[in-house]
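Shared between the two complexes below is subunit A, which has subunit B as its partner in the first and subunit C in the second.
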Partner chain A sequence: MSTRWYPIYQRGNPQLRVFLPNFWMKLVRPLPQQASNIVHFQCSMEMTKHDIKNYLDKIYNVPIIDIRTKITTGRFRKDAGKGYIVKDDDIKYAMVVLPKTMTFEFPNIFEKKKGDLEDDTKSLEETKKSFRKYINRNKDRPDVPSWFSI
Partner chain B sequence: MEFFDIKKNWNETNIKVGRGWKLDELRIKSNTDLHKLWYVLLKERNMLYTMEHECNEQVKLFPNPERIDKVQESMNNIETVVRERNVAYYQLETGETGERPIEDVVSIFGIPEKYSKKEYSIPAFMNKRWVRPYLENGYINSRAVKKFLRLYNEKKHNEERKARNRDYNHVQQLLKRFPDMDMEALKAEYPNVDIEKAKRTKKARGHCLPKY
Partner chain C sequence: MLASSGQRMIPKLKSFTIRRFTQPAISEQNEYTDVPNYPPILDTSLQGRKQRKRETLYENIKALKTVEEKQIALNMPRYYGWPCIMFKENSVPYNAMPFVQYYTKTYFKSIHKLPDTYNNTSTLTDTVLKDVKSHIEDCIAFENIGIERKIEICSDLRVEQQMEDLKTKEIVKQINRIIMNNITDKVPHILSTQVDYEPRHEAFWFMGGGAVPRKVINWRKQYPWLRKDRLNEAFDKPVQYIGSPMLTLRNNLPLRPIIPYNEAENPEFKVNEFEYVPESVGYVLEHRYGTNIPGFWPGDQDEFGLLSYHGRGHIINRKESFGAEDNLEALHCQAIKSSFGWLLAQANYQGFTTYNDITYPLTTQTVITNGQLLSFYVYQLNTITMNIDAVNTNPKHNICYGTKPMELYETIEDGKVKGLNEDTLKMLIQFYVNAPVERDHELKPYLGDEEQVVADIEEDERRNWLEATYKHIVSNRPKHVLMPEIYLWEKIYKIQHNTRFFEAKKRPFELGINPFKRRLDEHLPPYIPKVLRPYPKCRKKFETMYYPKI
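Now for the complex of A and B:
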């Protein structure tokens, strides 16, 4: 259950123990709308279905009913500067089915808080503030460049 | 799901975090502690990957992306420490490091190579397909490989010779241009060049009275 190098398995050998798994998984927003108990992941290319099941079960304590995986080809595109062909990395997806009783909804992370300004006004305010700070700091030393300070 | 950051950090532009774990801090931890810490870091890294992916999807800036590097560095440090302990244990018990052995071998084209050993289900002499090119009439003794090696060695020799001549000429030019330069530094920069010999040549003489 990791991408490291292990001795080959021969019949009768003890079961392989993995102490420091180095696989990664990331939860992604499913593109078409899914049933509420299906979660989409991207994961390390080397992970098998068994690995995914163990990983979620043992590390995250998430019970798993079924797993389906697919590998999508990375896009072939022209390099922006030189124009040669670049291939993006392939991605392994894991579609994980949770028990019927569990539901998962992808949270809205960029929800506006109450009393929050719009993005552009916020950045404008910040810029103004930093400029005012710079002016105040350099009152007594008009010829000093902006980077000359602690 | 623990794949997301705590709610307080959602939609923040700046998330303040500490530094990663250093080697010396990890060396004084017990194996159990390191094992636990590994899973904490693994989960943290998964969380950061998830948040980064979501930020990219929503075309937002991912706050403090150096967090991923810090976690990754800590994980690398844990691996280093575990490896050190493993090596120490093996050297005590068996007198060997227990690392993957690396052997000097001759490749199928007759070129010396480093080969990191791995396990096979059968020993090498039983592996007929592998042994065949190394036999007396095998590929490694064929005329094609001998010709290749001859040309390859010639090419390497020429490269060495050209580099030697290039350095020698360059040193002469330097001596001509900067006769008062630091000879120790020159010797350190071009260890293979005979500087005393270069000084006496015609090329090293400038348009002035010779000093040496």
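Now for the complex of A and C:
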């Protein structure tokens, strides 16, 4: 299935045993104003509607009513170093319609736990303290590398 | 030469003369009144000013005298037409019911038998049923088995769908003929009823509610005065319905309303807001002029619909995964769309528009069939205004009563129809027997007394011009010159990245012009060649245009 170019095997090299498929789908946060039974995916450019249906149905057992796909143009941006304009890759989106009784809510992946903020501030304070200590120790001897100490 | 230039100077000189004496236009006695007479306090905020501007537009359209001028006026703000949400009769996406109901402001009620207003004709219906039954059995059997059809298949629709629709068309024609022939001498209104085969039904309106599209929000984000509190400000979205029933009946009198008009404000009939964009359901936009055509041109005597037959071949074209329940909803959607569309177009011919609400209810009856299954719908149009000023304040709603698909017969065996369902046939006959009645109120309050359609205009030049322009607009023919376009290279190298700053700025987007905001009358009038100008001397180089002033 794969059309990827794998390195040609030379005697003595380790055998490549991993064959990644061309077909992948990435669940993305839908734009607002979208009905709750519609799920958005970014997917591989080679996938057709039938492929998307089979992928979700056969592997993940998702009941699928309808699939709409669209290919969006990649962003045009100025190359950071050279200054000329380059284009990002196009993206294929799949809008998957679930039965109208079902709803899908995009999970909050980076959810903060209760103690997280306190831990973060504590470690920040500690880092600040050690940095101050380092500055104090070296204030009489500028231009000396940090490793030069007892 | 000198003499002629001297003569030309005289009118100019006249304007230079100074007026030596002046006097007030109103005499001083009228200036004071006993009770202070203040001018109304106007809302001078931006929203207030905008609303007042819109209201003058509504009033100006209301004041236009003829149907055609009102239709041109609806299209006046856009030279290239409106980007319309397309409501096509025979394509219904999955789960479209909430969307269709909100965009037509229609409350749907599922019923098993027709509303009570149909009950007073049951004896007549029974006699007609007895006469008609055997004929209808024969015609169904004959159309199904007795004819070998040679069909020209078009490539963009499924073959099964085309076959079914074609067969249904023939059956519907025959059933209509049999019933009409039988009841012509029993009920008087049938004799004066017109039958149309595959007429053109189009309707256009503005919808002010619903979500604001992502594109608009992104555009508003770049301006600080819009970004602050007007990001989600509603605007009128143009909607266009296009459909073609198999057969329609129309009469010079309207049908009776099913429920009294004041009942339309009942909060029970409220429809939930559809808070997503139309694209999320599967409806798309198309650039075109808004048109209102109920299957005939303005000026026809029989301008009220009685009954329309629609095919249901598109159900075959739907995906299996949609399921039977959604297919049933799709039929309801089709009925709501087509009934609303037809009635709205009829209301437009009475002088109402999407800006000026109807003053009385209109009713129609709709049958969706494939020759064997029939579903019956009765629709009452109570309101047609749902623009931004009316969508939240207008308490009226439209009402649609509809049945599930009912079998007309079970099977056809040995060339004979088995198990004809009399109840189904009776309902169909009830639709025919339901007589239109004369209304005791004015039907065309917003049209002129003498000029109601363009054909009534006496002035030849103006009449011909308006007629030609109206027909040209509603034809929606593509323009000779292509629509303006921003090429992709311009978008990349001129708009997104300013890499060609040294070039002369000539394109509309560089001059800050939106070509799609061009008005319909912003074009040069047709040139009159010198030989065609009146003899001996005429300075008029261009023909007069009679666009409505709004």
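Here is the rule we go by: the second predicted complex is superposed on the first by the 97 of 150 C-alpha atoms of A that agree within 3 Å, B and C clash if a C-alpha of one lies under 4 Å from a C-alpha of the other, contacts with A are read in each partner's own complex, and residues count from 1 in each chain.
Methods note: a contact is a pair of C-beta atoms (placed from the backbone, for glycine too) under 8 Å apart; a residue touches a chain by one contact, two chains touch by 3 or more.
In this text the structure is predicted, and so the values were computed from the model without any measurement.
Contacts of A:Gln10 after superposition: subunit B is touched, whereas subunit C is not reached. In the superposition on chain A, contact is made by A:Asn37 with subunit C only, not with subunit B. Once the two complexes are overlaid on the shared chain, A:Ile59 sits against subunit B while remaining clear of subunit C. In the overlay built on the shared chain, the residue A:Arg29 is in contact with subunit B alone; subunit C does not reach it.
Once the two complexes are laid over each other on the shared chain, residue contacts for A:Asn138 go to neither subunit B nor subunit C.
For subunit A, the partner with contacts to more residues, out of subunit B and subunit C, is B. Look at A:Ile85: by the touch rule set out above, it reaches subunit C but stays clear of subunit B. Residues 93-95, 211, 213-214, 275-277, 280-282, 319, 321-323, 326, 492-493, 496-497, 499 of subunit C are the ones touching subunit A in the complex. Listing the residues of subunit A that touch subunit C in their complex gives 31-35, 37-38, 64-66, 68, 76, 78, 85, 97, 100.
Listed in rising order, the residues of subunit A touching subunit B in the complex are 5, 7-8, 10, 19-22, 24-29, 39, 42, 59-60, 62, 104, 107, 109-113.
Across the complex, subunit A is touched by residues 1-4, 10-11, 35, 38-39, 42-43, 45-46, 49-51, 53-55, 57-58, 60, 75, 78-79, 82, 100, 118-121 of subunit B.
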